[in-house]
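Here it is: the structure, laid out below.
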Amino acid sequence: MAMPESAHGDNCKLEEKLSLELHQELPAVVNELVASCGTKECFEHISPVPLPSREAVVEIVTRSRKALFPGYFDGHKIEAVNLEYHMGMVLMKLYDTMADQITWAVRHDCFRHDQSCTHCGDRGQRAALEFVQGLPEIRRLLTLDVLAAQEGDPASGGVDEIIFSYPGLFAVTVYRLAHLLRHLGVPILPRMMSEYAHAHTGIDIHPGAEIGNSFFIDHGTGVVIGETTEIGDHVRLYQGVTLGALSLSKEEVESLRGAKRHPTIEDNVIIYSGATILGGKTVVGARSVIGGNVWLTESVPPDTKVFLEKPQLVYVGSRRPGKDTA
Amino acid sequence: MAMPESAHGDNCKLEEKLSLELHQELPAVVNELVASCGTKECFEHISPVPLPSREAVVEIVTRSRKALFPGYFDGHKIEAVNLEYHMGMVLMKLYDTMADQITWAVRHDCFRHDQSCTHCGDRGQRAALEFVQGLPEIRRLLTLDVLAAQEGDPASGGVDEIIFSYPGLFAVTVYRLAHLLRHLGVPILPRMMSEYAHAHTGIDIHPGAEIGNSFFIDHGTGVVIGETTEIGDHVRLYQGVTLGALSLSKEEVESLRGAKRHPTIEDNVIIYSGATILGGKTVVGARSVIGGNVWLTESVPPDTKVFLEKPQLVYVGSRRPGKDTA
Amino acid sequence: MAMPESAHGDNCKLEEKLSLELHQELPAVVNELVASCGTKECFEHISPVPLPSREAVVEIVTRSRKALFPGYFDGHKIEAVNLEYHMGMVLMKLYDTMADQITWAVRHDCFRHDQSCTHCGDRGQRAALEFVQGLPEIRRLLTLDVLAAQEGDPASGGVDEIIFSYPGLFAVTVYRLAHLLRHLGVPILPRMMSEYAHAHTGIDIHPGAEIGNSFFIDHGTGVVIGETTEIGDHVRLYQGVTLGALSLSKEEVESLRGAKRHPTIEDNVIIYSGATILGGKTVVGARSVIGGNVWLTESVPPDTKVFLEKPQLVYVGSRRPGKDTA
């Protein structure tokens, strides 16, 4: 590795010379990239209209969680004496960020559809207020979700662990926020929020899904819940469960935009890991249990247990357990 | 999109007026959220006792990795001449953060159980020291884990790539740290650490699991290893493997809290992607191989290969391969 | 919880005394950790050669995305009038970061193989330029990937949502960047980039894979695409799909390093969620459809649909649907 000092010095000079030479090649690339903007070879958003940003979406989720579970995610202690002041600050900042982001999302949508945008600022502010006004109800729902996790998981070390750590609760929190925002007619932002949760937890819940009370997802990595899924109360899912659409040809995709394509899960259903339930006409009846890895494309009546037949395992290299004495 | 300047100015004034009006709606929401604190409709931690924080957990993991793999994660070069100084700084900061966080976790536990908390600070400091004193042994174990990855993966570009990039090594590193912390009787923090790793890697290893030497998880997304799982030496897992509990009714959940609910995997076992092994009495014997997507709820003797019977594939639109000439 | 003020004061003094005592135990741990450096019990990089860093890899991906999709990820608006200036800044910074990181990756490789490193700086600068010069072609490819997502997903709310939010597009973007870098012979960095995308999306695409135009991965969590996989044009994958290697004994691992171990997927193939396709000789013919959860280790001719035979579901607690009237 050792190198004579002078050779090293020469190398440095050569490297600097090369650096100058190579920097001169960059403008050609810049020109090529700029020239392809506005053509079919480039998606860009060159516009005086700003766009919502992922950083702001993370901020919205973070502030909402502070409002929903006071004292858990603040990084400093909240006491009774400063609670109101704290909550006031959180809500004020949340409202302002929401108002800006919704305005930009709406403006951008107008821009895409070549509509004039005289009241986008109004819409942004009003939707932000309605969002903030929806938080007490979302808090009530999340309290039930926490209790459902506590009931459903024998490994849980108490509600604090669930609120701090459980990816299922994080994903459901973001879903409930994004779902409200979608109901308020806000474009782009709800899906940005759900994809933030997806990245964080591996749980992909479309903001359009309708999900009831006391919902619990355990472990959760790989869960997919599609846009038109309906889920009742007290439903429990495990990792890798897909509630999806039946396979589509490219022609069918367009015709199905907006139609019910994902299943309905009634109250008190449990769906074990890796199960896949597909199709807009598929209904899993109340109190039914869907076993692990089941692939289901037809409805199931209430109070039914659905399991795969036990697979024939092929034992090689030793006899089958229980047959050693045969 | 163009708008006369004056109309734009009017709009701005209207938006400001609206903004003032809407801000006046916020205190009602603040009051509603504050009022529901302390009721059954809200989980909060309004208390003079601070809580551990996710940011600190990330810091603990980051500093521990700097101590365990010096020079890899420091963002600047570590030379022999500054190694001791560097390691001293890393350990000192790690100890201080740990002492605070453990103290807060312990205090919070006392608070939840209405116990007095006269020695929480002591416990925090002593546990932090024991944690730091455990790092040399964890380093020894991780060295074996790195070698196991090197042996098990033909795509690996060497140990540096494994240490830098492999999610399996990240998850196992955090598991070994969280497992030690749990053995020291620290509440909340171990699970916060393992859920950080879960979010980062999609690999969910409960801190309570007992895992032997030379452990390798390849790819890893979707892996779940439950609280009472026991894993021997030289075991290799692939993505989507679940080592879980058998299905539980809501009544059984409470009675099983603390019991052995997850399987035992003996030495030198390989478990391929998507396999699910369930139940506290299920033992996979040494040197056995569990094939992909197998769903296993009974024990397997040593030296056994377990595979699904080859599925009958239904070919539509062309003949079955190999039968074209029949 | 209340404590007399004096007792609290005493406690504080005791805690401070303990803190001093315990800090004195740290140097022994520091010495133990320093002593194990350079032994078989520790992987370290104690060296005057700096290493690439994960932070820089994140920066490279972030800047590349700004260059590839101008206006989407900048956090401020880009207008026609400042586009060229903006693009120039982005590319200049990207080039400089790349040149440093590649140089360090190459130097580290030389260091590992005990080679002299007189032209590492040159190689770093030249490879960085070639990388930047490859961006227009990558932009062209990504435009086709966005359109493929638009075509393949009835839930998509337009191209902006796809560019902002879809994890599949993020993973494919990073894959196309990492793949180019690997072709330029750069060590370590490509895999660090792909593991960043894996952590962010749950989608694990090895930079060595060869992937054609108009590629779409929906949802994506749990997808694994191995090093020697070949994928044609207009292929669509869903969550949990593995394109992997056949099972390997520890002896086979070394002999297969570099050989084709992963499948070939021809044009216009669709592979549904949870399907696993294994082996370097396995070819899925053009326009074929592989159903969910299929486990495939042999080739499939073109224009074939492969599905699992419908599993026998075991209904307990109610009759089979459709047989109620029998």
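Each chain carries a letter (A, B and C) given by its place in the written order, and its residues are counted from 1.
Keep in mind that, in the parts below, a contact is a pair of C-beta atoms (placed from the backbone, for glycine too) under 8 Å apart; a residue touches a chain by one contact, two chains touch by 3 or more.
The structure displayed is predicted, hence computed values, not measured ones.
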item: Same-site or different-site touching of chain B by its copy chain C, using the half cut; value: different
item: Angle of rotation relating chain A to chain B [CA atoms, steps of 5 degrees]; value: 120
item: Whole-Å separation of chain centres (CA-atom averages), chain B against chain C; value: 19
item: Sites on chain B at which at least two other chains make contact; value: 202, 221-222, 240, 274, 293, 308
item: Of all residues in chain B, those that touch chain A in their complex; value: 1, 3, 7, 11, 14-15, 18-19, 22-23, 25-27, 29-34, 36-37, 40-55, 108, 112, 187-188, 191-192, 194-195, 198-199, 202, 204, 206, 208, 221-222, 224, 226-227, 240, 242, 244-245, 247-248, 250, 253-254, 256-257, 261, 274, 276, 293-296, 298-309
item: Residue ranges of chain C touching chain A (in the complex, touch as defined); value: 67, 69-73, 75-80, 83-84, 87-88, 91-92, 95, 99, 111, 114, 116-118, 121-122, 125-126, 128-129, 132-133, 135-136, 139-140, 142-143, 146, 151-155, 157-161, 163-167, 200-202, 219, 221-222, 239-240, 270, 272-274, 289, 291-293, 308, 311-319, 321, 324
